[in-house]
Amino acid sequence: MLEVSNLSVSYGRHLALSDVALSVGQGEIVVVLGANGAGKSTFIKALAGLVTPAPGARILLGGQSLERLPAHQIVEAGLALVPEGRHLFSTLTVAENLSLGAFLPRTRAQASDSLERVFAVFPKLRQRLSQIAGTMSGGEQQMVAIGRAMMTDPQLLLLDEPSLGLSPLLTTELFRALPNIAATGTSVLMVEQNSHQSLSISDRGYLLEDGRITGEGAASDLLQSEAVQKAYLGM
Amino acid sequence: MTGTIMRVNGIRKAFGGLVAVDDVSFDLMPGEIMGLIGPNGSGKTTTMNLISGAFALDRGTIELHGEPISGLPANKVAHKGVARTFQLLRLIEEMTVLENAVVGMAFQPGRSWNAAMIARSREYLEVVGLADKAGVEVSKLTYIDQKRLELARALAMEPKVLLLDEWLAGLNATELLSGIEVIRKIRDLGTAIIMVEHVMSAIHSLCDRCVVMNAGAKIAEGTPAAVLTDPHVVEAYLGEPHHA
Amino acid sequence: MFMNALLSGLTLGGVYALVAMGLTIQYGVSRSLNLGYGEFLIGAAFAVYVLFGALGISPYLLALVVVPVAFGLSWLIYRVMLTPILRRARTPVALEIDSLLLTFGLLFAMMGIMLLVFGSNYTSYTYLSVPVRILDATVALNRLVSFGAAVVVGALAFAFLMRTRTGMALRAVAVDPVGAQLVGIDVKWAAGLAFAIGGAIAALGGVLISTYMTFTAEMGVVFTMKALIVVIMAGVGHVVGALLVGLALGLIEAFVAAYLDPGLTVAVIYAVFLLALIVRPVGIFGRAVR
Amino acid sequence: MTISRRGALASIVSIGLAGSLGVNAGYAQDADTPVKIGYAISLSGPNAGGAMTTQVPNYRLWVHEMRERGGILVGDTRRPIEVIEYDDRSNSEEAVRAVERLINQDNVDILLAPWGTAINLAVGPLFDRHGYIHASATAITDRAPDLVQRWPRAFLLSGTAESWAVPVVELLDEARAAGHIGDEVAMVSVADAFGIDLAQAARTAFEDFGFTLTYDQTYPVGTQDFSSILSEVSDTQAFVAFSYPPDTIALTDNAQLRDFNPAVMYVGIGGAFPMFHDRFGDTVDGLLTHGGLNMADERVQGYIALHEEVTGQRPDSAGSIVTYAALQAMEQAIARTGSLNGDVVADEMKTGTFDTVLGEINLGSQMMPNIFKAGQISNGYVVGLGPLGVPGRGEFVVPKPAWPAR
Amino acid sequence: MIVRSPVPYILILAISGLLAFMPFFASGFQMAFAIGCLNYAVLATAWGLFSGPTRYVSLASVVFFGIGSYTVAVLGEVLPWPVILLISALIGGGVALIVGLATLRLAGIYFVIFTFGLSEMVRQLVTWYEVNVTRSIGRYIFLDITQPQIFWQLLGLLAVVLIGAVALQRSRLGFALRVIGGDETMARHFGLNPTFAKLGLFTASSAIMALAGAIMAPRWTYIDPAIAFNATLSFQVVIMALLGGMHRIYGPLLGAVLMSFLFEALGSQFPQAFSLLLGLVFIVIVYLLPNGIIGRIEELFALKRAVPQSTREGERT
């Protein structure tokens, strides 16, 4: 589904990401773990077209290369990002946010199916359609943001630290929903620092340290691995 | 002098409905490096901002040498001897390295605007290893050098307390080692340091003591080794271990 | 007296609202402030004046020609003139200053063309200057039509923004350009479209105003500034806000003239504006974070 | 018309090379040397509408006529004419600089006046210092008697604000005597120099004549909606507006619209402009306004015909003819004295009598005597009515005919 | 940074000293041009003094300029000239202080629009005052101040402003302003009070503009609110400063001089197409000179120097 190789990004002279390679299979949930400053956000922004990767990078989604496309065409190609900070249309209603998700002609036809899929994953949203997005709680906003991304009918859903700023209870609820999304055939790639919960719902995981992939494996293996703990706590 | 240099007592800050810092207290001893750690969004940077006067407190007090500094605007807090670095670099790109360093010293009380002051600022470039780049424009520096300069500028304030906000973040392994050396050198010069940091190896090797925050509250305090094995802390970082 | 002031205020405010609406759509979505905005209005007024004189066709019908032309011209100006600036600007402040300067040049260039073509004389013609009595007040039909058109276009623009997919996309770009990209909206396309819609609305305003107002080639900046005041007071990008603030300013002007002193109308408008800006710098309807 | 300009710019750069020759240089008397006529006037900006109506066409007409005759007669030599025209952009500072340029750079022999009170006063000292005749038909100032003392070569043809306000009040007095209006008058004025000064002069005159002002307000420049004002004065029988062209149109339109039809109604600048007639046609007949012509006079008729033929537009009924008459007087004085020296010509202008489109005139007071300053619109022109005593007064129609139904 | 070199001061004084002889051989037109040029130079430099380091784009220049002119119109024949100049500077500065207190927290476009609104409001209020209180809108200024005297005063003012600007740039306050302009939030954390510094500078810059207005007033014989508070002036000043480059002391000066020549060239050669050509020139400037002429010159120098890496220190002018 997604094949990334040789992905580097630098901000001025600072190399934030160096030679990252990664793959995600159809219907798979993959998590990239890393401490703050490891380059997680940069990685995800590069995939979504919000920052420009260094020459030589390859990003293939279902055979189509994305590395030179602007952000809105990457969405068209089937890759949707739920960004950190969510970037919801805060003065618009939930319904409008969701329907903007299906803005592209490709996705418009399936809008009602997509909407049903969103409701299936987040039943709560059905009652909140007319609420202004900016007035919702953090967890609910995160649901809208994921819902909006699902409306673009993506092959791959990217999540940038979805648990950030959420209470443990909400985090749990959110992570429970992700396998349901994957079950519909949409692959999920997320970066997280909450390793236990994210690994427990993922198929595979990567460890990102200092802008490099330093480890990868099946989620269940990583869950037991000390490398993860070391990446965070330096033990 | 009660032995503590800074005392943070029951501070709280809410943004709208979100309580970013909730009843946090700790002391800072002279010559100490204290780590302020916790997962993303736990309120560490807000705590730093409250100490440095960037935000006003909702509740609580902060004292420096027994003298309250909470409620003072940032410029007054700086005059009292609290210096900081910024998580995202805040250097002035159009200025030279030396000029940026002078920013730290020039506006402290009792400083006169003369060559001696400039020369003294330059000494802090030496501390961080930038002396040979004094005349270079900031935009031409490497990332690590820009980080060093942030530190030199803060040091040029000749502060009593130095707040480092993720100063080591984004450095590679060799840079990290030299960065740790620099911080140690500063501590040896007698400045007390509070550092917010995610690079745990640095916390382990530098900090005498750690305060751990999660969701705005202090959840642990102690030596790095002790707090980082504390199950609460591990859970805060990694999420609940027993999840279905 | 009261009724008169009310009607006069509404007809005046209706036009302010209409003109401001166009600017707020332009500025809110593209984030480039167009100082040459009023020149589109005056240009349309001249076009209608000439065509009406030559062909004798109703100005309102001529709007069907003039408005689409302004739409296309504005779109072209955005694509040709403003996108290079957009690409170059490294910070929002730099973009703001660059686009201000550029459209300042545009203002003079357009004004200069109109001066060359139409001269600097006062221009006026009359169309539908027929009295209509409402309760105990009299109002000119052309002003009433303008007010009606302002309300209708306001409603249409509102419906367009609220109910259509494209309108929603424009709003999305105004609220959060990054979020807009993430749902596949081409932000440059949206900005160009908003610029064109704004230009079209300005031209419509020009058509309406020309039926009852004496104008000159150099008057555009007056309308730009009036519109800008409404836009800033309402909060940039807030269409309904612009409508309400525009009407309110018209009413204030009329009531100050009727009950206080006609000499103070403009001063009071600016005083209200300055006060509003001090109390709520992001506009009455604006949010701290757009 | 050929308009030539010197490289003023080049000479700023080569400062000192083109040094000043002092005052108005009328030394070269060679018949082939062109006489340079220059003016800086508002071709753009808020004053342009007025300038392009009352002054610029007459400057062009005058030059055209002289060229038709083979040039300007200086003594008994006809010399060709060169014209230099600049835009002061309705800005005093720009006007000062442009006039300096005309004097020092272009070395013009004859300077024509700019448009409007403020700019004429701004350049007045320059005309004076460099010894040029300053003949202006569009500067209305109460300091005029004072200023012509100060500037001996200045002809402030329009005189004082009082001289414009009093004839209006006299006409109202006449209407009152005939029983058409009472003692009550409503007045509005535009908040610029013209409106305020005339309103102030009118206030005094109204008091002197025993009128009471029931409404007396000022509105800002740019006001286009007068419904609030007109609804307040709806019952009044005498209405006076010292207004400016755009608002003159708006006021009239509004009055017609709400059928506000007092027995006597006066509007300010613009009422005498051709564009006013273009806009309203004969529906405004009977409206009082500034200026006025003796329509029975052949010379006036001839002037109108000539103006229309040469410039392609009709003259306005106020400033145009005065401007043209003053130019004629100056032309004749130059011919008589054979000099282009400002002092010599000015002396002749002050002492001589000249045959102009306004008849035989004498400019001893340095103001234009015997011109109409208030009149009544009839068939596209303003029939002169006041001040009383100006020969050729037309018939004053009171009450004003009702507006035609809309 | 700490520079004691007297060279800039000597240069400023020497050049102004030389220019001071101009009235003895220049023609009236050249004087008129020079006065206009100096006036713009003073205004643009004063504008750059505040807006350069703080990056606040103010459209209120004409408010202060007009205040100066009106002070002369009101007090011209009552008080001795130096006293009038002093009073005009005080009033200008005082108004700036009040305005600054209320508005310096506004950022970006809001400040721009506010200052524009302010100039319109002041014009309307002065008009209203004249209409209702003095009942006469125009004021006459008959002062025996000659063209050369105006020239010398403006030249002196410009020299003083430039010397002040150089001294300021070398001072701690000047350094503080650069820091504030670079990053205000950061500046606070190093002991700076940005509000105080900005307010002081805004006041000083406005007082200078008021002085320029006062000195220029006798040129016109007659002023009214439309002349004294003509908003075009504010725009011109901004454009000049930006053309030259507002980040350097001599940028606005250079812009004012060049733009004066441009106005002159367009006005004398193409009076009919002035606006059109001016507009086109602006557009070209925006595309080709984004950092002003000085910025462009610096870029060119930087290119030349790129090979031998310089480690320059000290003043950067």
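To keep things simple, chains are lettered A, B, C, D and E as they appear, and every chain counts its residues starting from 1.
Going forward, contacts are C-beta pairs under 8 Å (C-beta built on N, C-alpha and C of every residue); 3 or more make two chains touch, one makes a residue touch a chain.
On a predicted model such as this, the values are computed, not experimentally measured, just so you know.
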Set of chains adjacent to subunit C and to subunit E: D
Required steps from subunit B to subunit D (each step between touching chains, minimum): 2
Of A-C and C-D, whichever chain pair has more C-beta contact pairs: C-D
Remotest chain, subunit B as reference, centres from CA atoms: D
Chain separated most widely from subunit E, comparing mean CA positions: A
Distance from the mean Cα position of subunit B to that of subunit A, given in whole angstrom: 32
Rounded Å distance, subunit B centre to subunit E centre (Cα mean): 42
Rounded Å distance, subunit B centre to subunit C centre (Cα mean): 50
Per-residue multi-chain contacts in subunit B, two or more chains: none
Set of subunit E residues in contact with two or more other chains: 124, 127-128, 131-132, 272, 274-275
Subunit D, residues touching no fewer than two other chains: 43-44, 46, 191, 218, 220
Set of all touching chain pairs, with the criterion as stated earlier: A-B, A-C, B-E, C-D, C-E, D-E
Complex contacts: residues of subunit A adjacent to subunit B: 11-14, 16, 35-37, 138, 161, 163-165, 167-168, 171-172, 193-198, 200, 210, 228-229, 232-235
Residue numbers on subunit E that touch subunit D, as the complex places them: 22, 25-33, 36, 39, 124, 127-128, 130-132, 135-138, 140, 142, 216, 219-224, 226-227, 230, 232, 261, 264-265, 267-269, 271-272, 274-275
Subunit A-facing residues of subunit B, complex: 18, 39-41, 139, 141-143, 166, 169-170, 172-173, 198-204, 215, 228-229, 234, 237-241, 243-244
Of all residues in subunit C, those that touch subunit E in their complex: 33, 81, 84-85, 88, 93, 96-98, 100-102, 104-113, 115-116, 225, 228-229, 232, 261, 263-264, 266-267, 270-271, 273-274, 277-278, 281
Parts of subunit D lying in touch with subunit E, wherever the complex brings them together: 5, 8-9, 11-12, 15-16, 18-20, 43-44, 46, 85-87, 89, 91-94, 96-98, 100-101, 103-105, 117-118, 121-122, 124-126, 130, 141, 143, 150, 191-193, 195-197, 200, 218, 220-221
